[in-house]
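Two complexes follow with chain A in common, the first pairing it with chain B and the second with chain C.
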Partner chain A sequence: MTHPTQTPQPAPAAPTTPSAPPLLSVRDLTVEFAVRGEWNAVVSDVSFDVGAGQVVALVGESGSGKSVTCFSTLRLIDSQNGRISSGEVLLNGRDLLTLSEREMADVRGNEVAMIFQEPMTSLNPAYTVGSQVGEVVRRHRGADRAGARRRAAEVLDLVGIPRAASRLDDYPHQFSGGMRQRVMIAMALATEPKLLIADEPTTALDVTIQAQVLDLVRGFARDLDMGVLLVTHDLGVVAEACDDVVVMYAGQVVEHAELFDLFDRPRHPYTSGLMHSLPRVDGVGGMEVIPGSPPLPTAFPTGCRFGPRCRFAEAACHAGPIPLTPRPSGGTDRCRRADELDLTPAGRRA
Partner chain B sequence: MGTASAATARVLPLVGRRLLLLVPLMGIVTLATFSLVFLIPGDPAHRIAGEGASPEQIAAVRANLGLDRPAYEQFFSFVGGLLQGDLGTSYTFSTPVLDMILTRMPVTVSLTAVAMVFALLIGIPAGVLAGRRAGRWQDRVVTVSSTVGLATPNFVLGLLLALVIGVNLAWLPATGYTPLSEGVWPWLQHLLLPGIALGVVAAAEIARQLRASLSDVLRQDYVRTAVAKGMLPRTVVWKHALKNALMPVITVIGIQVGYLLGGTAVVETVFGIKGLGDFAVQSVLAGDLPAIQGMVVFAVAITVLASLVVDITYGYLNPRGEAH
Partner chain C sequence: MSTTPAVPAVPATPLLDVRDLRVEYRSRGRRTVAAVRSVDLQVAAGEVVALVGESGSGKSSAVRGIMQLIRPAGGEVRFDGQDLTTLGRKELRRARRDMQMVFQDPFSSLDPAMTVAEIIAEPLMVHTDQDRKQRRASVVEMLELVGLRREHADRYPHEFSGGQRQRIAIARALILRPRLVIADEAVSALDVSSQNQVLQLLQSLIAELGIACLFITHDLAVVRSIADRVAVMYLGRLVEQQRTEDLFDHPEHPYTQALLSAALVADPRVQRTRRRTRLEGELPDPANPPAGCVFSTRCPLAIDVCHEVAPPMRPVAGGGQAACHLVEPA
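Then we have the complex of A and B:
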């Protein structure tokens, strides 16, 4: 493994129809949460794949269900308030939703690792960094104390922690936020998982650190042939690091496409709205705000869920659920006017 | 892992500072204790000399005890004695107070230790269970039981245990004490019932505190991280969560040591154990001032020591060093 320092170029899109089953295949996932005793679907019929070595972005505003989706893949939903009511989460063809708790614990941190949004609170303050990283190796690789310590030093070095071996006995509070996120990544990579789920890994970090952390993730995906599911609300992060993009809105996938295709030819008004709400360096047409706010799961519209906020909505859009349909250039979208609208940057300016 | 020595380095200055603090604290306590002499109604010389004593006899006793000297003189001789390890001589037992305390200390330390071990053995698992199942029936069972435990006076529980288990069922001795030197089982046998009677409140307090802090800690991000790493539930709870959840509990345990010592007065009386608690009760009933003073000074020393131990434990549990 080399230390990934160079800026990664977006890799060519992975084939959308691979012959072998994809590394991760989420099929029709529906997750419900109880609000005052009533179950509401927060995520409805979400499907997407992540191939080995591929970085797939799950994009949406807060409340779109993207975090719930990624927590559900590892079955980390609080069982008192939430439940996965239907669907499949296939890892190399094996449905994780049918595993026992014990079998699931063997998958977590081993085949599938996860990093979180808040590096400041995601590490245990009472244990040293070395023991927290080493612990995964002991748990999943059966390493002894010394072996785990060696491996911890190795991966901490790999993620770019200076003088890693001498910092094993330091506690999390002795690290900065960016360094802690590196520790989290080291912990996730220590067992060389096949899939990394990253829930807004850069949101809490400042911009320069953000880029470094993304480079790391991107580099490891390439070097270890690891699939990455990257949850973010930031299209800048998407553009920098991903191959495939799944856009979620109000618990549904609204558009799913390969990165460049999505940016060149967005077909869902929400995707296009997200792109145009980005600040632009050239100042052309940037920072348009999508009016309104996303609906709560207790009050999802019966028709197009984005309809009430969409400037292209017609009466028919509100009539009933909009199905997910194939895009001409690959992928899917959920807009009944997709064919007639021109949401490309040129089209919008016209 | 070399962390133990790092923790020691963190804790040592703390110990030094605490020991220094002990000096003025003991000074204040000594003065307060000494003032007791003048606060307690009645004339100790009169009480010691007996009901029918003549004024001459009382005056002789007073002179003998040094009670006829001015207060400041008495105070300095009291402090002077303290510094040489002399707590004075008990009026009633006619033995040096320090000797009395030292002979009876092993009894009370044994009782307190059994009570504390009982409190930890019950309180920690109960608190963990309730904390993990917060809001469910297990939690309710623990919460209700601990409320009952807190509300039951230890003499009531002690009498009940002594009667039912000690007398009616005759499973365990209802009274008395056997030193540890005569075997572990005879020793423990005599201490189980009083230990339980004394330890129930501490167990309840520990369970409540642990339930609260554990259910809070279990919602922390780092616990989710541990689960996401594939740690088994027992590791997540007993390692990752518990070490953090125990910090506030340690404080409670330290405070409970003080309460346990106080509780021995009642429990030792109920179970007929000749320990420090019993000594304190006897001294108060007899108006035996040197004994009372000695006991108070001794109790303060123990309490300060307990809080020192708490702080040291804190230093080991909390890598950020600096207890509160």
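Then we have the complex of A and C:
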């Protein structure tokens, strides 16, 4: 039944650097794709951590490398055209890049689960929802048929599917978009993974349903101490659901900070441009336009990759690669003028 | 409201005047599904009206009914006084000269086998007797107007990014200087940085050329920046319409309130202190709508009468209208 509720105030944001070794630690990840026989790095030296119970946003536009990064952490890239050329993906200290395919298959769906943007294409239309969720449980938990069915009903109930037990024999098309996304989440959570990778999980959903799904993801991170890597282009989703933010542009991390710090004191002009370019429902912003469009991996600039679109760029910005440097308040940014520019939003200045 | 509104809540002499529009689909010849039920909507000359709704609200079906891409099951669609529902194919083609569309997906709405110049000039071929040279000049002028270059004219759509393709679609829609543009989720499929570029372009062009716009979207933030007036649809019906400012300042219908509160603000200090009306459940099956108010199954405020009697649209303070038993009529 329907009832109005008020969003509880979140606990203070999680620390940017958890004291225990992080659940997931991606170190200097470089991924290349072949275009007409030429290998191009579409992701260069990407590093970030996801702690247990922490929701980390990987933010960027299409072509930024955010999806390639998240697929690469599970080694789900097409080996014909793509290769992870360097780096480490440490899950609880174990480098996933050195595992055999067989060991990797065990990790996927067991320790790490993934949900995708389009729930209709990720579910098999020919099998019932109960059998698909149950299959995951049987495969990874070795449960018998009856046990798997019980567990399927349990997790479907957990993600808020009404009368879950009675819907096990329904097919995906009998569920709405929002309910299918819940089924996907149920499948991902059935084995109680330590890490959930969610690629644009709410982009295809209506706003009123998006809120419900984000609540679910956040709730599971908190209650099950599950780490979440949430890939999104939507800063509204970031503001609502995440603790830490990694901003990607043209295959690189351009800024990485704790949520509130990033929004209070963006230090990279691209981050600040993103924040101000879209109109907001509270009537703030929307007046700034980032000119031009992002470069293709075959034509990344040799200097600052955002340089050609940056209104603060000067000659030295185009001279050579810009290193990632520590932010004074924690985190990192990749702008050689970060100290002298004041990109603090007008409403935040003291 | 004490101030004199710049935009009347309902225009006196609308350019587009939709009355009691009904759009139905027949599924496998048996059941009839009413996607749009009794929608009244007006757009004045030069005005930008946003039609807002989530999936299944019927907003796209309403557009199809207005454009006569599907013949309405009932109601009138008057454009400049002429009822489009009564026109034959030939007359309709003439009327469409003044009402053009921009679609959501710039990847499927442009013919991949045509050059940009051919795409943009197509309306000129259909509706004018301009010769080749005149058409070329018009195309070049349009290209520059939408921020593309004349050398783009002889390229093909696949050579362009999503944002650039949407500029091409806008050039095609505006080349005849129509009086009304219907933009159906025109920026929804675009990336963050091109979305705002295209939005600002569309906004400045329609203002400059004095073109009215019916802007269909699910995105309330976009609405706030572009529309003079907003109409909100839910399950085939209009539940509220108000001037943009009024709607955002005091949404009257519980669905509008929920929709506004569910929209995410890209600022954690604002977002995490916003009050949220959380909606449970999902949109009912349009083939089997609830009795009474369409929103009653999810409404946090519903009382007995809401499940029995469909509330009519009634005037509210500020000059708009809302269809809710609990809203104080003006």
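In this section, the second predicted complex is superposed on the first by the 324 of 350 C-alpha atoms of A that agree within 3 Å, B and C clash if a C-alpha of one lies under 4 Å from a C-alpha of the other, contacts with A are read in each partner's own complex, and residues count from 1 in each chain.
The rule is short, and it goes like this: contacts are C-beta pairs under 8 Å (C-beta built on N, C-alpha and C of every residue); 3 or more make two chains touch, one makes a residue touch a chain.
These numbers were taken from a predicted model, which means no experiment stands behind them.
By the touch criterion stated above, A:His140 is placed in contact with chain B alone, chain C being left untouched. Among chain B and chain C, the chain that touches a larger number of residues in chain A is C. Once the two complexes are overlaid on the shared chain, A:Phe116 sits against chain B while remaining clear of chain C. By the touch criterion stated above, A:Gly273 is placed in contact with chain C alone, chain B being left untouched.
Of the two partner chains, chain C is the only one that A:Gln212 touches; chain B does not reach it.
In the superposed model, A:Glu103 makes contact with neither chain B nor chain C.
When the two structures are aligned on the shared chain, A:Gly130 is found in touch with chain B, with no touch to chain C. Within the superposed three-chain model, A:Asp339 lies out of touch with both chain B and chain C [touch as defined at top]. Of the two partner chains, chain B is the only one that A:Asp169 touches; chain C does not reach it.
Using the contact criterion defined above for the overlaid structures, shared-chain residue A:Glu314 touches neither chain B nor chain C, since it reaches no partner.
Remark: chain A residues 74, 76, 80, 101-102, 105-110, 113-114, 116, 118, 121-128, 130-131, 135-136, 139-140, 149, 169, 171, 173, 184, 187 touch chain B in the complex. Looking at the complex, you find that chain C touches chain A at residues 54-55, 161, 163-164, 191-197, 199-200, 218, 220-222, 224-225, 248, 258-260, 262-283, 297-300, 302. For chain B in complex with chain A, the residues that touch the partner chain are 1-3, 6, 135, 220-222, 224-233, 235, 240, 243-244, 317-320. The residues of chain A lying in touch with chain C in their complex are 1-7, 9-10, 61-62, 162, 176-179, 206-212, 215, 233-240, 259-260, 263-264, 273-275, 277-286, 288-291, 293-294, 345.
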